[in-house]
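Take a look at the structures below.
In the two complexes below, chain A is the common chain; its partner is chain B in one and chain C in the other.
Up next is the complex of A and B:
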């Protein structure tokens, strides 16, 4: 009975808080959004830089492949992918154009579309062109496709392993596609400043985006692969970035992105609402979660198979879970944010 | 461990239970059972069901379902309710309206999925369900024979993408279909694949031949025309979900007039409250009032159908379902378990709050 009472009380409180929020707008919401805009801009700019470098290195590697360039290329993929993880929480604004977020990272991929599409493209006689990538759908257009080409074990033992010409063509074309999208996103975010600052609804959009990101982190990127949901079995392949062994590192990057691009203005907002103790708890909880690294920066398969490592992952899960509760229950109520059963549905 | 009935009883007995102020009789609907409401629900334990409640807001039954449902329709004979799984819906359920007992569970045809809505012919024999052939992305109306255990008997082509709500015109012959225009595919979850080239429309179709007798487009191609209702006088109202940026605030409602869509836009504050997203629209059969609800904006509105004049507005977080109440008011349901009464004349009144999440539509 207890969880139901809790859910019920939380929703009742949310209603009350929402009504009072409607009567008393936050102090300086435009200032808050100005802060967020600048912070997210820096994240998008970094993504544009990293993806440009990735595209250049992909081209260099495919022109004259060697082990050193390959190692550098893999590191550039990691850097660019982590730059994306840091801004991945932003689910509104220009990143919605042309499904950019999905283009960067098609996930979850329960049908292994990335591998299927890669198999089709690398085995086909069709030349790999920018137009082909444009038409091939989101499973082809982002980091998971590059990850497949660079890190998939089966592929690396096949005739299509990099630097096979068709695979190299796919690699370089997709890296250019990502770099162009990143540049576009950075430019569009810059142009988005005026409507973002002038439209109050974006205040809640921003708050909800961080809350949704934490929920996805807790539930889909940690609890599910850890076997804490559903059938109870541990499964490293249902989280993201398992091929490159960077699932946990990408969790860290998402947390750091939230800490850098979202948290400062969020804490000020809570303080303005007389919630300084809650703001301090959230700040401390972020630090506690991030303290789990680098202990947790191993491949998810390792973290799930080794009991000691699993305990580290459990520690991280508990910290993220507490952080999510602080955000999505306490702070949401304090700020009058309602994340609904219907409002998040889309029909 | 409490069972469902104990749970509902406990919730009803608690301080959070109901204050049933004057919840009057329902208006007569086209079918039977005007004293029973039903809706898909989410339960606090994370499972899903279809629930029915009576005029006082008391739950009568909760019928468990495997996955989240969206909306449904009443069969005008045989005391049956049909509920469709949420898009992409792989099946629909036929339930006994008195007990919630499952009578049939019908799977979508190969290569098709349902999208959450359906409507019966006036004699209760034919069920018309909106559906999608997802590989080619073709919207269709799938026709089932309820007298033959819901066998699939026909398919009508919509020549368009993404049908959603369907209803029957009071002439008994014309289906009115909201065509959202958005291409999706089950491989890509609910990702919208064609926002630049959408072609939403209100489609009017002869229910016997499947012939399209009218196709009306909204003023902007990103006005996804998702929901609709028809007044007994034949006036058709439609509701949009705008797919452009949030800071654009175009009209979200329209009335069919002289074979075109006459759009209804409120003041900026109300439009902001509707958040470019309307989940339900209902034309009251007894008067000229129309109600609409936006869960994204947490706002419900009542307006005069003939003029589009805004008459009432209420802040109800996650509100979505709308139904007409006898006497001229509306009932609004929310994803937070609330039932709220709203009319043109007096402020919104909470009728009930249950430990359930009312899912989208009241049936």
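Up next is the complex of A and C:
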């Protein structure tokens, strides 16, 4: 889950920002943030674009369902979901409003709440409206619900399989909800530029968001399903996107998102601090981690059950671990980032 | 079983009370100045007293369930439920010792693991039972079967002993396979909660423990054996933990903690407070349940006692900061505290954190009051129902109060020279 302490910090910071720092010339850290702002904006814009396409294709498919439209729809789900993975690391600012991050992706879902909620909605006589989705909680409102409708095996063999009317209604309403949220996020991020540039504390928020994302990637999205933590058993169901077989692809997308939207300014920052060798190592480590693909682009269930595939996954895990260490130990110390509590401290 | 009131806790209580008393009187000798070392020692005293209370109330629970098994009447079932509720009061306060103290974290799963797939233990109504994905043991029904096979592991469950149940924990590698602890007992007393967001907890009939033809849902004798074994195990487990915190033993955890690096010990105290406050209580236990409207994420789902679990978690956090603990017999344990240390360096921060801890207790108190209201009760699972704005507000207030206090806990850590709040390298070794 995304850290929640920042919900409180951000609103305080936004107020502070509007009271101070008017029209001053940009300093070094402001330049860094200007770079981050633009990069993240491009990521949010892509998300808005992909989710609009997804909503349109959901509507086309449900109006006149056929195999070709279905295949296109599934591909659009993948594209939109990967666009979200690329900006998923941003855990401060507008994405905190109305728990947008959780709305996009409620995860982990150990109790299969998504399936339970879908069953409840598709089996009830209540018409599926935008208002109903609004009130139905984060397990209904995001990509995992669409993934369930599109890819769940048990569902696809049942009477509720797409394009059953209620399932189609749920599909199209949720895609519109996601598209609206994405548009809102992109607009809000645009308006957020001034407070973001003028508030020094966002420097650390941005650094910490990338560090937390890598930690979640290493621990929750790789180590845990691989059985390297806790009881030592491999379990594909605790990764995200297991239904569509895109768990590993989504890891790649998160890494690419960090590389595109966060890394360039981060490397400059390290160089300014006289840490050019560390910057180079981090850049190389990113490339090493991404080199595991496309070999690792397989469903997590396959990666965990096949010994050869598992070795590929281990390679990816080791690369991500090293990256996390470079970030969270060495770079954090070099940049004086002190990490506090976050919501993943629980169990 | 009879509860053992040992002399040790009493002596500590009196000594602690006297020394605090002395601090405020002019006639007595000057008290020892508060140091990190004295704060850590007193922290161990508080933990010891708290675990002793957990043990005392667990023994009372064990006794009450023994009576229920011997004589399954409504009154005895009610008495057992009340004993369970009473046992949760001290135990939930001990959870603040969990994060940071690996000796507790490694041990607590056997006592308080949650959520659990109750179909492992006993019968469930299948159409309203959601279990953890990929859990091969979710419907094993140990009470109903003398052999269980979970994901290739076959176990003989003919004789239900405490050792057997301990071994069945996490069978098949799923953390949701919880065969033991408070929530297993809770399920055996209340049964599955089939009310969803509606008012009402589990409704297990007392005849589930009846003999002969009065027995409902089958296997009543085995159900009694299970309940007996699982409550015995709870008592033994708590005895072990009390011993870990007892003074005068060179080889226990208390000795390791108080003789180790004092800054590391202070870090553990603050880490425990912050982790329980933010990640666990505000996050996992409240925000996830609320935002997903998920009663499956409700903490004490069979008994609808979640409000008290949350309330006493919050109390535990305050206990550690203020160095005070109200024992189940009403006596007060108090002594040198983190609050004293912070106050000496930064009285403003100390006052703020104390006010925030009070505010959190007030917000959690609201949650408890609404759940326990006699005329219009609203339990936690009703508060988190879709569209319940009043309920959501109550839960959100508690979340926000906990989030705010966590910010000050971080500041208190820095004030005391503790920079890194990550516990050891737990979970990062590879």
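Simple rule for what comes next: the second predicted complex is superposed on the first by the 313 of 347 C-alpha atoms of A that agree within 3 Å, B and C clash if a C-alpha of one lies under 4 Å from a C-alpha of the other, contacts with A are read in each partner's own complex, and residues count from 1 in each chain.
Heads up, the rule we're going with is that a residue touches a chain if its C-beta (ideal position, glycine included) is under 8 Å from a C-beta of that chain, and two chains touch if they have at least 3 such contacts.
Here the structure is a predicted model, which is why all the values come from computation and not from measurement.
In the superposition on chain A, contact of A:102 is made with both chain B and chain C.
In the superposed model, A:113 lies in contact with both chain B and chain C. In the superposition on chain A, A:38 makes contact with neither chain B nor chain C. By the touch criterion defined above, A:138 reaches both chain B and chain C. Once the two complexes are laid over each other on the shared chain, residue contacts for A:340 go to chain B and to chain C alike.
Looking at the shared chain after the overlay, A:154 reaches neither chain B nor chain C.
Looking at the shared chain after the overlay, A:92 reaches chain B, while chain C stays out of its contact range. When both complexes are overlaid on chain A, the residue A:130 reaches neither chain B nor chain C.
Once chain A of one complex is fitted onto chain A of the other, the partner contacts of A:201 are limited to chain B, with no touch recorded for chain C.
Residues 1, 4, 7-8, 99, 102, 106, 111, 113, 137-139, 338, 340-343, 345-347 of chain A lie at the contact with chain B in one complex and at the contact with chain C in the other. Across the complex, chain A is touched by residues 2, 7, 10-11, 16, 42, 44-45, 70, 86-87, 115-116, 164, 187-193, 195-196, 226, 245-247, 272, 275, 277, 279, 295-296, 298, 315, 317-320, 334-338, 353, 355, 357-360 of chain B.
Here chain A touches chain C in the complex through residues 1, 4-5, 7-9, 99, 102, 106, 109-113, 116, 135-139, 219, 223, 227-233, 235-238, 321, 338-347, going by the rule given at the top. Residue ranges of chain A in contact with chain B, taken from their complex: 1, 3-4, 7-8, 11-12, 14-15, 18-19, 22, 92-93, 96, 98-99, 102, 106, 108, 111, 113, 137-139, 195-196, 198-202, 205, 338, 340-343, 345-347. Interface of chain C with chain A (complex): residues 99, 115, 130-134, 170, 172-176, 274-275, 277-280, 282-285, 287-288, 291-294, 296-297, 386-387, 399-400, 403-404, 406-407, 409-410, 414, 419-422, 427, 430.
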